[in-house]
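When the chains are written out, they are named A, B, C and D in that same order, and each has its own residue count from 1.
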Amino acid sequence: MLINVAETVVADALRGMAAAHPQLTVDVENRVVVRRDAPVADKVGLVSGGGSGHEPLHGGFVGPGMLSAACPGEVFTSPVPDQMVRAAAGVDSGQGVLFVVKNYTGDVLNFDMAAELAEDEGVRVAKVVVDDDVAVTDSLFTAGRRGTGATLFVEKIAAAAAEEGAPLDRVAAVARQVNESSRSFGVALSAVTTPAKGSPTFDLPPGELELGIGIHGEPGRERRPMMTSGEIADFVVDAVLEDLRPTRPVLVLVNGMGATPLLELYGFNAEVQRVLSGRGVAVARTLVGNYVTSLDMAGCSVTLCQVDEELLRLWDAPVETAALRWGR
Amino acid sequence: MLINVAETVVADALRGMAAAHPQLTVDVENRVVVRRDAPVADKVGLVSGGGSGHEPLHGGFVGPGMLSAACPGEVFTSPVPDQMVRAAAGVDSGQGVLFVVKNYTGDVLNFDMAAELAEDEGVRVAKVVVDDDVAVTDSLFTAGRRGTGATLFVEKIAAAAAEEGAPLDRVAAVARQVNESSRSFGVALSAVTTPAKGSPTFDLPPGELELGIGIHGEPGRERRPMMTSGEIADFVVDAVLEDLRPTRPVLVLVNGMGATPLLELYGFNAEVQRVLSGRGVAVARTLVGNYVTSLDMAGCSVTLCQVDEELLRLWDAPVETAALRWGR
Amino acid sequence: MLVLDAEFFRRWMSAAAAAVDREAGRLTELDSAIGDADHGSNLQRGFAAVAAVLDKEQPAAPGAVLALAGRQLISTVGGASGPLYGTLLRRTGKALGDEAEVTPERLAEALRAGRRRGGAAGRGEGRGQDDAGRADPGGRRARRVAVVRRGADGGGRGGARDRTLQARKGRASYLGERSIGHQDPGATSSALLIGALADTADSTEGAA
Amino acid sequence: MLVLDAEFFRRWMSAAAAAVDREAGRLTELDSAIGDADHGSNLQRGFAAVAAVLDKEQPAAPGAVLALAGRQLISTVGGASGPLYGTLLRRTGKALGDEAEVTPERLAEALRAGRRRGGAAGRGEGRGQDDAGRADPGGRRARRVAVVRRGADGGGRGGARDRTLQARKGRASYLGERSIGHQDPGATSSALLIGALADTADSTEGAA
């Protein structure tokens, strides 16, 4: 691993981010990344965060057209409430703040505490919990589906609504609509090694793959002998479609888990598009890259988000962050 | 590996690129990626290419403000002259075309043949050979220094000059100036596995690192027990500075080899900045990410390019490609 | 009769910090089998901070010790275990009020109150976080407070029983049936903390 | 006396394709030790294309066979070996002109001419690509053309001698002293191609 010691990994990365991105205000000590011009007058703020190790999520998505601030926790550990409270206070223009939370017990608990505290300080807070991963069956008895790739869609699209001046409840409603319209499924070709542990979190022999993995090195639901890119696309896209059953065009995120070469991801995208067109699903936009990662894990996930004209317009709206940029 | 079969990896990736990037014209059969609006009237064209496996280089750098076209070869194998000839013909507005070539025997030979053939077809061609890697001693008896990270600087800055309407010889001169002002050094924490071979190209036990590697899984010059991020930064930056001895501010590329998490790369950047400031080198701009990669290799490289005001202005000029975007 | 003062609670917390530090590798190992391989480092970071802040601020009442420890866990641990352990301690501390000394019975009562109010875990949009379930460290701890009074050793073996159960909470739940046969990291750390409490009680009785 | 016609050269190329196909794994393995692990797949792709195009176009003269084979290698191999082998064959073919039959002496001469004109390798801005050096497949092949005439077996062992040398050309040169002790992949494939030529000559003589 390219690190000093496990204990300083997050702080080191924040210092490096600060040096690379003068358009961000990086508070290394308090672990908050804020767009330099925050609070933007009359705009609802968007604050997200979660464990580190998923970069560019979330710090790489801070900037005009996307997040107002991000709160990175320790590797794979949700941030603490102090961070979100500080971020919320820093980006609130008086229009309130939306917390975008991935559905993990720790994230939900910490953001909930932060919401209480921020409201005590006079910041209006709304919250959306992202839970798009169909590999985990939703049930009253479990913590519910995990939040993975859809986070990118939620953050981008809800932020575009905020940028247009939508009020807090509307921004939150858009975020929820995006979440409800999105589903994901992920596959690992190798396990992940965290700095604290220093060895792979599970044993995945070469020549096997793990289906239905999360983004924290949680083992998947099922292990299989290696499949071709085309077979994996069939499996993954069908798993998503079975749950989503889209009737409108979709945004496609073909996401790398961190260590999958872009060459392979693009090839995988070709197979994903083949399956979608075979199933009669129209593709509105496609994004290919390592966006919601799991440190050095090899593998990929597919997220589909079905969109109406309004959501598509918001998706296409300009964005200017370290990791996602387009438009004006 | 997330592939179908080794033989179709490049074609599959090109199909996936075409689906993801409607602003590119991707000729899958002939393996040429061209910006949709080419040829741009009165503009010098820039054509680059090389073996695949270094994505986003070069296809991800095609678009306004950067390359006019890219020619991807087989994995780690230079493209064939037919591709460059087709690309040159496709992007030439009559102002001529600059070939940006990384200094490998194969790349140089194939681009040379292509230049001859293109000129036979009436396209004026100039060529710049990028050779920035200080790990390989330049000598009359060897093939010379390899071309690595500086390729990104050369392509971006020379293209900006072309975009401003500079004539072919001026664009070529800028490209050469950037190359001469740039030096790189790379480190591997793991070997690379090519689709054709299916197993790592060299044996690098965990806990060791290889210093002075190239981007094709060539083993490095020296192997050492694992070092911390800070120690690696000291070693790498000093190796570059020893050769470059900059007197002006530098552009910094902290480049991941493909499988190094962004979290680690940012942390490494913090150390690189520490070393540079300790050596009294002013940093003008910093870019951190996986840009000139080597499939699934873990590791990093540092490229420094010393710039005057003109080069810095060209670096800052707008660019709109799949992998690099800013400005306007 | 055993009466517990601020010093007792500081010693408990410092014994807990030592136990977590010693067992961090094992906790992370357990979390790596069915979670995300950070439970040990999470608690290690948190309890080190607790020990440091108690050392610095030296709160004078049992309730103040636990409330401060809880706040510190909330501010430094993150993850699921930070708010769960943190809220439990903070609310237990609040329930103890500012008395200078408390009886074991008062502590047991306050722990139960802290646990009942640990409903913060339940605000996740009705998706199942809404009760402190099987693996809830707070729940286990409250049930095991009897251990303290009996001076028995509750440490070490805790959680082993979980192996036959399927996880329904936390990240382990994603594993479905594959979680059966694994020992829950949170149940294991609960046992460590209870063990630290029991040891502290033992050494106090011995000294008394 | 052995006289070589278009059929002979087609058989040579198809024997070469078979040999390269058979040994591709070993060539790639050698290239992985001191290069980028693609020499075998490069030549495999190239010679498969050569065999296909010769089969399709059936050129009638030895020169046309080699020129077409060379052009095909250039268009399909890429890398260093594509232009080097491709240019050598193309220029050798050109030097043979359009005669329907050639003697082994004419072939040897043409190969030497092809090699001399293989200077395309030298246009790399004066950085050392400017002569066909130690590892140059063309050079080896030219020197070994004697093998054909003697009908001796040049295949298989070629390149072994290189192990004591330090690479100065191609990617292996980046290894510096670490290249010593490694067998050069290009020298090895040269030996294969020469071996195929020798075998073709053998079987022709045998048949004659």
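Annotations
Here is the rule we go by: a contact is a pair of C-beta atoms (placed from the backbone, for glycine too) under 8 Å apart; a residue touches a chain by one contact, two chains touch by 3 or more.
Bear in mind the structure is a predicted one, so any value in this text is a computation, not a measurement.
Steps from chain B to chain D, taking the shortest chain of touch contacts, total 1. Rounded to whole angstrom, the centroid-to-centroid distance between chain B and chain C, based on C-alpha atoms, equals 53 Å.
Distance between chain centres (mean CA atoms), chain C to chain D: 73 Å. If you average the CA atoms of chain A and of chain B, the two centres end up 29 Å from each other. For the pair chain A and chain C, the distance between mean C-alpha positions equals 31 Å.
Taken residue by residue, chain A touches two or more other chains at 75, whereas all remaining positions touch fewer.
In chain C, no position touches at least two other chains.
Chain contacts here run in a simple line, from one end chain through to the other with no loop closing. Every pair of chains meeting the touch criterion is listed here: A-B, A-C, B-D.
Only residues 28-29, 32-38, 40-42, 45, 74-84, 87, 120-121, 123-125, 127-129, 168-171, 173-176, 178 of chain C touch chain A when the two sit together in their complex. Only residues 6, 51, 73-82, 103-106, 108-110, 112-113, 129, 131, 135-146, 194, 196-197, 201-202, 214, 216-219, 221 of chain A touch chain C when the two sit together in their complex.
Residues 1-5, 8-10, 12-17, 19-20, 52-53, 55-56, 60, 75, 189, 228-230, 232, 254, 258-271, 273, 283, 286-288, 290, 293, 295-296, 298-300, 325-326, 328 of chain B are the ones touching chain A in the complex.
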